[in-house]
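Note that chain A is present in both complexes that follow, paired respectively with chain B and with chain C.
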Partner chain A sequence: MKKLWKKMVLVLVVVLGVSMLAGCGNNAGEEKQKDTQKDTQEVGNKGNQDDPETEPKSLTRLGLAIPSTALFFEAEANQAKKFCDENGIELITVIADNDATKQHDQIEDLISKGCEAIVIVQVDKDAILSSLESCKEAGVYTICCGRQPADMTNCDVFVSANNEKMCEMAVESMLEGADVAGIDKLKVVEFVGKLSDQNAVERDDYFKQYAEASGRIEIVAEVASEWNQDTAYSRFSDVYNSLNGDFNAIYLPADSYITAAASVLQENNDWGSEGEENYRIITGIDGSSTAYQYIMDGYMYSTINSDAHEFINASINAAMSLVAGETCDDVVEPVLLTVRNQEIEEYGDKLYGIAYMDK
Partner chain B sequence: MNTTLVAEEKKKARQIFWLSNIVYVVFICFVVVFGILHPQFFSLSNIISLLKQSSVWMLVSTGMALVVLTGGMDMSIGMNMLLSSAIMWLLNSMGVPFVLSIVISILVGMGIGLINGLMATYLPIYPLLPTLATMYVCKGIGCAITGGGNRLVPEQLKGLINTNIGGFPIHIFIAFAVVIVMHIFLSKMEIGRQIYAIGDNPKTAKEKGINDVKIKLIAYIMCGVICAFAGFVSTAQVGAVTLSTGEHMELYCVIIPVLGGISLAGGRGNVFPGIILGTLIMTTISNSLVMIGASSNLYNLVYGVVILVVILIDAVKTHLLK
Partner chain C sequence: MEKKQVKGKVFRVKEYPVLLAIAVLIILMSVFIPDFMTSRNITNLFIQMSIYGIAMVGLVFALIGGGIDLSLASNAMISSIMCATVMTKFPAAGAVGGIIVGMLVGAGIGALNGLIAAKFGVNPFIGTISMQLFLNGFGVVFTNGATLSGLPSSFTAIGKLKISVIPVVVIIMFVFYAVGHYVTRKTAFGRKLYAAGTNPEAARMVGIPVVKVRMLSFIICGFCASVAGMVSMAKLTAVSANPSSDLFLDTLCASIIGGASLSGGKGNIAGAAFGVLLLSLISNGVNLLGIDRNMTLVIKGIIILIAIILDLSKGKEKVKKIAAKKRSAESAV
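Here is the complex of A and B:
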């Protein structure tokens, strides 16, 4: 019995010893990585932690944290996989189901899995700050993709979705559509997303701001959609009834609401394409495949295309530059495009949403 | 001594009566006052709109009520709607005939109900947890199928569900019919009465020879089938299967039966008119908030207060009945 105890204690000591050594190794690695990050930021090409004097370090493992599997994020995840496969980068993608706490845990997990950089599409601009801090402490580069954190201190690069610009473009496009249709004043029904979501808030605030500044747009009602199609359908039904259909334009902060809007208008026999009496100027944001279809059919005027593929390409390029120790702009702005029928014909497959139209 | 007891019993009965009906009294007063302030509220188009919005909640709440009456809970109802509709869309897009895709999707809903029923019966934990697991599984598969985007439903489904009879879409009549049929099933048929018996007192019901496994399975399976059908109605209304199909449905559809007088403790309450009234209360709240142009945050606040009040009333009523 005593011998057995001795053996067990011995095994325990060996295991502990090995663990400590391994732990030291890891810490050392982390410290080294931190130092390396410092060096790369300060000096430039001294990125390789194994041999700082030779080749620049290249990105080998990348984390991607997205809020949900909504089409835009799915497009980002697909493009990230394609990009990483082509460049020999291991990609780990995590989906937070729109839960900020879950996203925090997932990012901690990505850090522990040894990601050198993480592309983050945050759920919440405030909740993400602690994750960004953890990344900084662990020497992991962070690229905030499309959504700006409340504090940029610990974010290395922000790939800006620029909601303000998108709303400005949406207002301009609506006014252009009104001119084409010979409408002077626009009575707009504005769909609003979930007000705990940063994009929803910004797309609401900026739209109101530019609509008011235009002097030609009156927001006659809001549809509090909660980013939920069923809710959007129900509340737009109520809005339609309370206005007796007396509006000539619709603003969608996300293209996906076009189906709910179309259903309500169809049910009320008030759904018309361009040139018809009950045609309304409908403009959305995102550039989704659904919107393209409605634009091509003449029911929707335009969508402001924030290209999911471009966003992710810019983000991974930034991650590669940072890991390689190259300088990188703090803010990267992918090009936004107003997509109408003519743009769909002109750009075709280059628009990311086209790839998802067959679904 | 007897007189005191009788007086106390009478007082208790009065309290239970008021607790059972106070929600309806407040609701009727609210409708009258709001209708006077906003005449548009009583317009035919608004009433049709209210009923159209009610049908999905009415259907799913009826399914939930069946489960709640057994003393159970089904948190997967919303994601059952998503998965069934997603499978219907997938099969249809693969060229499977419309009717067959509907039948297969209903079978999927039935399967989800069966799994929930088996877990609720055999696992020694409150059914909320295993059905939460089913919820996530359904959500995962549903999201994988739809891929995150709007998947337009077949035109046949839209045409079928939105067919008008006398100006009212057919799904309104179907929802009312389901409530009434379920009421007859629960009140007139042996199995229906056994559902009440199991929910009221499982031990006594078992002693009386009621097969609780069979009865619970029937309740969960029926709930699954109704939810799958509700998924078709919901997606036909919106025009697409989306990631938000069925989202948060479990929360609303737990509250509606309680609003309708069905006890969360099981074994008590009537599907008719309870579910119809409960649903109308919920849709009227939403409708009236839209009419006054309330902000998004106010919706949540009002729903929260309503839920809290209803739960308190149910708790007090259950306490008094004990």
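Here is the complex of A and C:
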């Protein structure tokens, strides 16, 4: 029995080896993929009008590489699926768990899978460059969504999430909130994301820059959240105790941290809505459903809405244009919007976060 | 007795289920995923394996010696950061200088782990998890959260170069496999390591320097982690203070699949290498099929559980056999 078992395994190993060797020689699929994209690029370069007989290519298989399952990225993934289903595009989504090496491997797999274009929300602006280069070599279009790579050479389209603009808008909105509440100087507790994350660094740097320029904002403490709710909660607890609650505003680089902030303030009986004595000006970034809820309840002043759905729609539209050989802007900037109570009432379902609210 | 235990064929009966699983998986993937059997994907698969394969070799050494290194991924990150710092801040040192510093840092961290676990007797779980926390924090402080890039092309070439059709990183992985296999199976150190991991007290009584041997296993683990980190950096052409989320778990999983035991004294490089291949195939298949990536975790969890249960049941069988032998010997007397 043991001998038979050994023989079986040996046969399988031989089959395995032979098939792998055969695989190494099988380039037919890849050649076809390259040829398709070469044709597409040629069509694109020439322009469709020159040759009426040339059929424009259409996007059939799209890759989406996102860094994590954070609410914003999940909203992007959901919208991508909806968009692709409606347009008959096969979508393959990979999630890197904030690991640049893993994202690199996943993008290589998407190229192997024959994706004609890949929408990338990168983990790291530098580490993504080698993946962009691989895509370029394989003739796969790349659309960098929301995060700009360190070098744009191999990125076909950048759908820009302008962190600087968001921070500027956040500061403006906080000051407006202060004016409404009759506060002259704002003592702000600033939540900070994980400092090895590009968005966290930019949302920290630009906020400080615009806050200082305003002359009315003093950052009295920072909460290093590490992009983690539990960490944010415990560190904000410490900050609250050390300041003895002496601050009148909170800046959140991602809306989801409102829950950690609210928990700490509630525990200290220092949680008030608009008009109450312990009301604080709280402004976040993202435009998530959680933030909308707190805004509607009067506890949060505003959020800077960078619409996840709009980002992904713009990215897939760009991918479709590129594959079809149409011209496309190198940089696409979805509209940013400061969302307060009145905007939620005005725009309603048009705001992406509304779709994720508990109705 | 010990000699008999560690000598043997490269493939042992223990590896056959893993080989079978690999073969079945390859056949299934070839049939159901048209893009699987392409030269690009097979090359990708092996390149992706290389980082895990190299790190696995070190972890198997630590596991055989009765230890474990939870700081493996953080060590890989810090070594790469140091390597990158040397290459970018001191260009005269070049890629070779950076690589040497990276290796020294990795081995040094391994030595510290060894000192904590083997010399001071701190449980390796606690010792190395403390090291992991320290390294993660230190990495962010040292780099100020920034990504280090602008590495010399002589270094980044390692991630791209091919000899004939085989990527250099894959060759590096196979060199580590070969050396690791040789050291564990054919050298006196390998035999001492198995002995120290199986029963440290008995090993000490027969004159094996258990502390030294176990320390060395941690140093090897740290060294391999540093090389894995630098290979990853060469691939990505950048590094940040963000340790790989999968490196430790996947290498541990592969080692256990390959027959290593958390209680020490067991494990072999060939088996663990097949473990790495199996896990890489699963990840590759999940990506190619576009399946929810959480399925990878589910599958890995199931595989580890099966491997541990098989290991435990084999251990029980062994104990029963020894007891039966003992009884028959006693009755004969």
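Everything below uses one rule, namely that the second predicted complex is superposed on the first by the 306 of 359 C-alpha atoms of A that agree within 3 Å, B and C clash if a C-alpha of one lies under 4 Å from a C-alpha of the other, contacts with A are read in each partner's own complex, and residues count from 1 in each chain.
One rule holds for everything that comes next: contacts are C-beta pairs under 8 Å (C-beta built on N, C-alpha and C of every residue); 3 or more make two chains touch, one makes a residue touch a chain.
Please read these numbers as outputs of a predicted model, since none were measured by experiment.
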Contacts of A:263 with chain B and chain C, given as first, second, both or neither: first
Partner chain in contact with A:195 - chain B first, chain C second, else both or neither: both
Chain B versus chain C as contact partner of A:124, first or second or both or neither: second
Chain A residues touched by each partner, larger count belonging to chain B or chain C: C
Chain B versus chain C as contact partner of A:233, first or second or both or neither: first
Partner chain in contact with A:113 - chain B first, chain C second, else both or neither: second
Touching partner for A:333 - first (chain B), second (chain C), both, neither: neither
First, second, both or neither for A:150, with chain B first and chain C second: second
First (chain B), second (chain C), both or neither touched by A:104: second
Common interface residues of chain A - those touching chain B in one complex and chain C in the other: 194-195
In the complex with chain C, residue positions of chain A that touch it: 2, 5-6, 8-9, 12-13, 15-16, 19-20, 22-27, 29-30, 90-95, 97-102, 104-106, 108-114, 123-127, 129-130, 138, 150, 194-198, 200-201
Touching residues on chain B, where the partner in the complex is chain A: 40, 43, 45-46, 49, 52-53, 56, 143, 147-152, 162, 169, 234, 237-240, 242-248, 283, 286-287, 290-291, 293-297, 299
Complex contact set, residues of chain A against chain B: 68-74, 192, 194-195, 221-224, 226-235, 237-242, 256, 258-260, 262-263, 266-268, 288-290, 356, 359
Chain A-touching residues of chain C, taken from the complex the two chains share: 13, 16, 19-20, 22-24, 26-27, 30, 34-44, 47-48, 51, 139-140, 143-149, 156, 159, 165, 232, 235-242, 244-247, 283-284, 287-288, 290, 293
